[in-house]
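Chain naming follows the written order as A, B, C, D, E and F, and within any one chain the residues start at number 1.
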Amino acid sequence: MGRPDGRAPDELRPVTLTRRWSMHPEGSVLVEFGATRVLCTASVTEGVPRWRKGSGLGWVTSEYSMLPRATTTRSDRESVKGRVGGRTHEISRLIGRSLRACIDLKALGENSIVLDCDVLQADGGTRTAAITGAYVALHDAVTWMAKRGLLAGKPADAVHRSVAAVSVGVIDGQPRLDLCYDEDVAAEVDMNIVCTGAGDFVEVQGTGESGVFDRAQLDALLDLGVAGCAQLADLQKAALA
Amino acid sequence: MGRPDGRAPDELRPVTLTRRWSMHPEGSVLVEFGATRVLCTASVTEGVPRWRKGSGLGWVTSEYSMLPRATTTRSDRESVKGRVGGRTHEISRLIGRSLRACIDLKALGENSIVLDCDVLQADGGTRTAAITGAYVALHDAVTWMAKRGLLAGKPADAVHRSVAAVSVGVIDGQPRLDLCYDEDVAAEVDMNIVCTGAGDFVEVQGTGESGVFDRAQLDALLDLGVAGCAQLADLQKAALA
Amino acid sequence: MGRPDGRAPDELRPVTLTRRWSMHPEGSVLVEFGATRVLCTASVTEGVPRWRKGSGLGWVTSEYSMLPRATTTRSDRESVKGRVGGRTHEISRLIGRSLRACIDLKALGENSIVLDCDVLQADGGTRTAAITGAYVALHDAVTWMAKRGLLAGKPADAVHRSVAAVSVGVIDGQPRLDLCYDEDVAAEVDMNIVCTGAGDFVEVQGTGESGVFDRAQLDALLDLGVAGCAQLADLQKAALA
Amino acid sequence: MGRPDGRAPDELRPVTLTRRWSMHPEGSVLVEFGATRVLCTASVTEGVPRWRKGSGLGWVTSEYSMLPRATTTRSDRESVKGRVGGRTHEISRLIGRSLRACIDLKALGENSIVLDCDVLQADGGTRTAAITGAYVALHDAVTWMAKRGLLAGKPADAVHRSVAAVSVGVIDGQPRLDLCYDEDVAAEVDMNIVCTGAGDFVEVQGTGESGVFDRAQLDALLDLGVAGCAQLADLQKAALA
Amino acid sequence: MGRPDGRAPDELRPVTLTRRWSMHPEGSVLVEFGATRVLCTASVTEGVPRWRKGSGLGWVTSEYSMLPRATTTRSDRESVKGRVGGRTHEISRLIGRSLRACIDLKALGENSIVLDCDVLQADGGTRTAAITGAYVALHDAVTWMAKRGLLAGKPADAVHRSVAAVSVGVIDGQPRLDLCYDEDVAAEVDMNIVCTGAGDFVEVQGTGESGVFDRAQLDALLDLGVAGCAQLADLQKAALA
Amino acid sequence: MGRPDGRAPDELRPVTLTRRWSMHPEGSVLVEFGATRVLCTASVTEGVPRWRKGSGLGWVTSEYSMLPRATTTRSDRESVKGRVGGRTHEISRLIGRSLRACIDLKALGENSIVLDCDVLQADGGTRTAAITGAYVALHDAVTWMAKRGLLAGKPADAVHRSVAAVSVGVIDGQPRLDLCYDEDVAAEVDMNIVCTGAGDFVEVQGTGESGVFDRAQLDALLDLGVAGCAQLADLQKAALA
């Protein structure tokens, strides 16, 4: 039972990171993991949320959203429903936490960066693609700040490590890297792994979607995920070069 | 005082209509008027709103939205604010009305088509670009329905005329076609004109943003808008060929 | 095919403007266009919205609403639904824009005037009646400000022109002035025209409700609307005398 | 220390009940208690709320609201705030309960009557004026139903008693009937009394706004309220004659 | 026809007031009236609502809520519905008003106390149990303030009287004290009485749930309620000893 | 640097599971992990959500919430704010997923069980306590269904495995089991582990709150968590005996 697109179990889909995809934001990246396409923008704004004022620290947060027809069937807009759904909240929080792991909030001063990750087309792995792309957009926004004298220190000190993410899962008993939508739906275990460029973990979230998993399966998935993130870190480095 | 990009007063920006920009929707067009970039998708769904059930007629509606960083400064998401704003409502209604003018709702049977117009990048004229692109997406969705036997009659009868829209305005006393953002902000009079391919009016909305206008100015703007819509109708025809 | 109430095509319904209809507001007018009855109040409040602070300019805005049983069948309250609908938003914005065209915001200082237009009974043309009545209420509120020394200059300079509005439309091919509800529903083309007392346009909104319209029809409607607004301007002047 | 308008302590303000004030509703009454002015409309709609379906019983409910400038200073609209406030909820529930006390819900069949009570001008006692006016509007709506054969039995059996309400309070130690706004604000004890035409209680709500009250004071207020309701019952009877 | 639990008509259910039930709040009481169980917490916070700033006075307010399965069938959470219901609003306001009757807001300085009353288990009389318990929690919070030097004067002056509440009603023509849920549902008349320790009234709310009531019935219910509140006042005193 | 309460690094806080804590729900457990106290109720309702109708399968879902003063400082109610927050959404989803892992949805027929987990007092680990308690409440609800003939098969087949959860974390470089609030705030790495009684994983969520973690740390935390869950499984078994 091979993969829908003939990939090896430990093979990423083609990944592209297109910087400066839109003209207004301080950082803007169109990230593609196969057919999954997410526009990540980084917006620098003066000031921080109220609970953080006077701390001397900046803030990085994220908002994730899907266009209504990014998916095979149309979903209602959350603006029309009048409330942000649980899945959206959960993913926005994950992206924000992950990106805060790579930045020195002191270097930002009391400024904020919002990372908007809007899924233009979905084919599985939208949250991990979003994290991977948002890192590059964040890096560009920090460089922008440095050029305008808004940064304490150098960009390389402010963004002191890189962060990338990938999904892994078990389908028909086989651990696989970077699931597309059809694999995601069929997965017995589903895991999102966020790593630094140095191979450390930032976040690990594993779920037995239809069943449970043992330590051996967990270990195999962690191995796959770490290796996938390492490849993504190289692609990020190349994109920023 | 020339235009910011050196255009003649009666000249459109470069316009592109990229069909099948995304893979899931029944119709999908990325429309660009210069730097303005709107993704228009047409989603066919079975059934009609409750108030229309049993009528034998279909329904076409639209939802317009802007990504938070489509603009020079970031706007809060309407999903996060928990309500759709007045401007968004107004434009969604305009697009819906305009597109219903070109379709025979009887031919759709009791099925609905939602036209989602999401502004990925804004540089003036987003609502008129959205109408122009949505027409092409709607046409593709109707053709899709015909192929699946969901349409009564031929696509050409269901979509019995084409619809395009353009903005016009008076800047420094000079009537101009297809305003970019900087012109839009500076305009004394601002007008949106929606025309059929045959040159009839579907909708005319003129506002004296900072002042009032007389009949002669109104006539000059109508002339410009009708001519602009005729060019857009040709581009739509070419895109659909 | 005559009109339901036997009027000539270019004839307004009986229009009354009753000033000081309610005792609390700084300006308050009950406007009636036939059976359409709108209570327009003008409330002066100290200060301006946050985005305007420090500008030295005042602000004029409007909120339009219908009582649930102003219409033939009861509509749910927007307060109970928890959101303001698209039509309400659109009309509130139109009234606000129209009235800002007649006032010198500098003369107000950093004060605001809210024009509440509540439809007590609806029989077509509620938004145009609202604009026509709100002008008189605004005028009274400005006079009130002058008496309390809150105005820079004279009322006549602050309200430097008058504004009135009327609906026009094509029914059975015939252009008609000031449509009642039954005509509004039957209209092929529907247009709202906002003019100053000097006959200039403030806003023009025409819609082919069930079809399209050509330049000749548009011209006929504009002629009717301009003439109707001139009569309304006289009535406003008489009411304020 | 006399009353602001020179009334005797046990004297009502001038009360008027204008039937058929608006043309669309099945019942419609403009009720005035002095300067307090409430439009009460009764809307008959087919069907009952879901939880009542199949019971064979009808339903009567009420919604109370204030126009933003019914009061001395403008209040924000609840539709704009996106939520109905506690005071509004509380009064709507009181009116609905009070009116259900006078009607045989079986006689309505599975139909509903909504009593909309919109305060056009407020000068104290808006909730009690609303109950008093809504009774007359309800009576007219029931008669309307009878004429169309929608009622089981005669109107006089369906509306088997009358209901009226009045506020009473203690100001400067003196019990007073039908408080105006200035008295309401100054009252040490504030009470709303709802009675039937036969002098029985439907609802009694007394509050020590700034202090507490003893049994003797309570008894004096009940006496005043019962006598006031008896006068209102006569006025209702006259209005319906 | 005896009572479900064999009580005499003028007998309270077993009442317990457990202080310091939870560890974080400044005051916290689990109050039980038979099977009705309400957690009342008093939270002291610095500052007062905006409309009260600069007055030198404190503020006491309350929020009442039910756990979704406090009742025999599950109710939807108001947080999930996105709005606070009318009944909740009404009870929260009643509790707040009642407790403000026993406190000298000047003694609090510009500080606020929020009384959260969460019904963990409901068997009738939740609002009156809440008031009775909240008084004890408020007393503890005021003592806490005194210990930290936040109070002007002594606790006994700040909380200058006690407040307790009980429900009374008429079932099968018999006046009864402290209704359980089954009695509440069956009651012809339902009344909530809030009294001070000195036997004065703070609030009286009587409703003819299925019918009306005369003065004799009202008097009997007031007698029962006053006697019940006196017993509760003794229990409060004992709990605070 | 020992733990605040002197526990060994691999020691749970005292855990109690009090069944039938409230009288109305089909299952109801007060779970305590030290000072953390969560009321878990299981409500059986007929029918399933719309998207599941006709599937023959039941549904299990969860709603988590905190009382406003469960924490050291008061939080605003989500009902009052009008929206459920991201953290609440995230935890509710985690509890629902975890409990669905232990139940055969076919055995429920088209019936739903809602697990309400309300935090009465918080001292860290509220979500893991909730999962541990909700399992016992779910078990009781399934037994209740079996007694009423609502279950296909035996309870032991419907609830085919047990589920428990615990938090683990690294504080000052030391991996610890079952963090209290002070430890949670100080943790460098924070992990929630959900295991079956057989020691398999249902969910693993690890976050580098202030930093990142390597594979060795992850392994140590997994070991601690698995051992903790095994002890909780024994306590659940004892409670249900």
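We adopt the following convention: a contact is a pair of C-beta atoms (placed from the backbone, for glycine too) under 8 Å apart; a residue touches a chain by one contact, two chains touch by 3 or more.
According to UniProt, the chain labels map to these proteins: A, B, C, D, E, F = Ribonuclease PH.
Worth saying up front: this structure is predicted, and the values here are computed from it rather than measured.
Shared contact partners of chain B (Ribonuclease PH) and chain C (Ribonuclease PH) are absent; no chain touches both. The rotation relating chain D (Ribonuclease PH) to chain F (Ribonuclease PH), fitted on Cα atoms, amounts to 120°, rounded to the nearest 5.
When each chain is reduced to the average of its Cα atoms, F sits farthest from chain C (Ribonuclease PH). The chain with its Cα centre farthest from the Cα centre of chain A (Ribonuclease PH) is D.
In summary, the interface at B-C recurs among the listed pairs A-B, D-E or E-F; the equivalent pair, sharing over half of its contacts by residue number, is D-E.
Centroid to centroid, with C-alpha atoms defining each point, chain C (Ribonuclease PH) and chain D (Ribonuclease PH) lie 33 Å apart. Annotation: 59 Å between the Cα-based centres of chain B (Ribonuclease PH) and chain E (Ribonuclease PH). The centroid of the Cα atoms in chain A (Ribonuclease PH) and the matching centroid in chain C (Ribonuclease PH) are 50 Å apart. Residue numbers of chain E (Ribonuclease PH) whose C-beta contacts span two or more other chains: 82-84.
Going from chain B (Ribonuclease PH) to chain C (Ribonuclease PH) and on round the loop of contacts, you meet the chains as B, C, D, E, F, A. Within the complex formed with chain B (Ribonuclease PH), the chain C (Ribonuclease PH) residues making contact are 83-87, 89-90, 92-93, 97, 101, 161, 196, 200-208, 211-215, 218, 222, 226.
Residue ranges on chain B (Ribonuclease PH) touching chain A (Ribonuclease PH), taken from their complex, read 22-25, 28, 35, 37, 39, 41, 43, 45, 63, 65, 67-72, 74, 77-84, 88, 114, 116, 118, 120-122.
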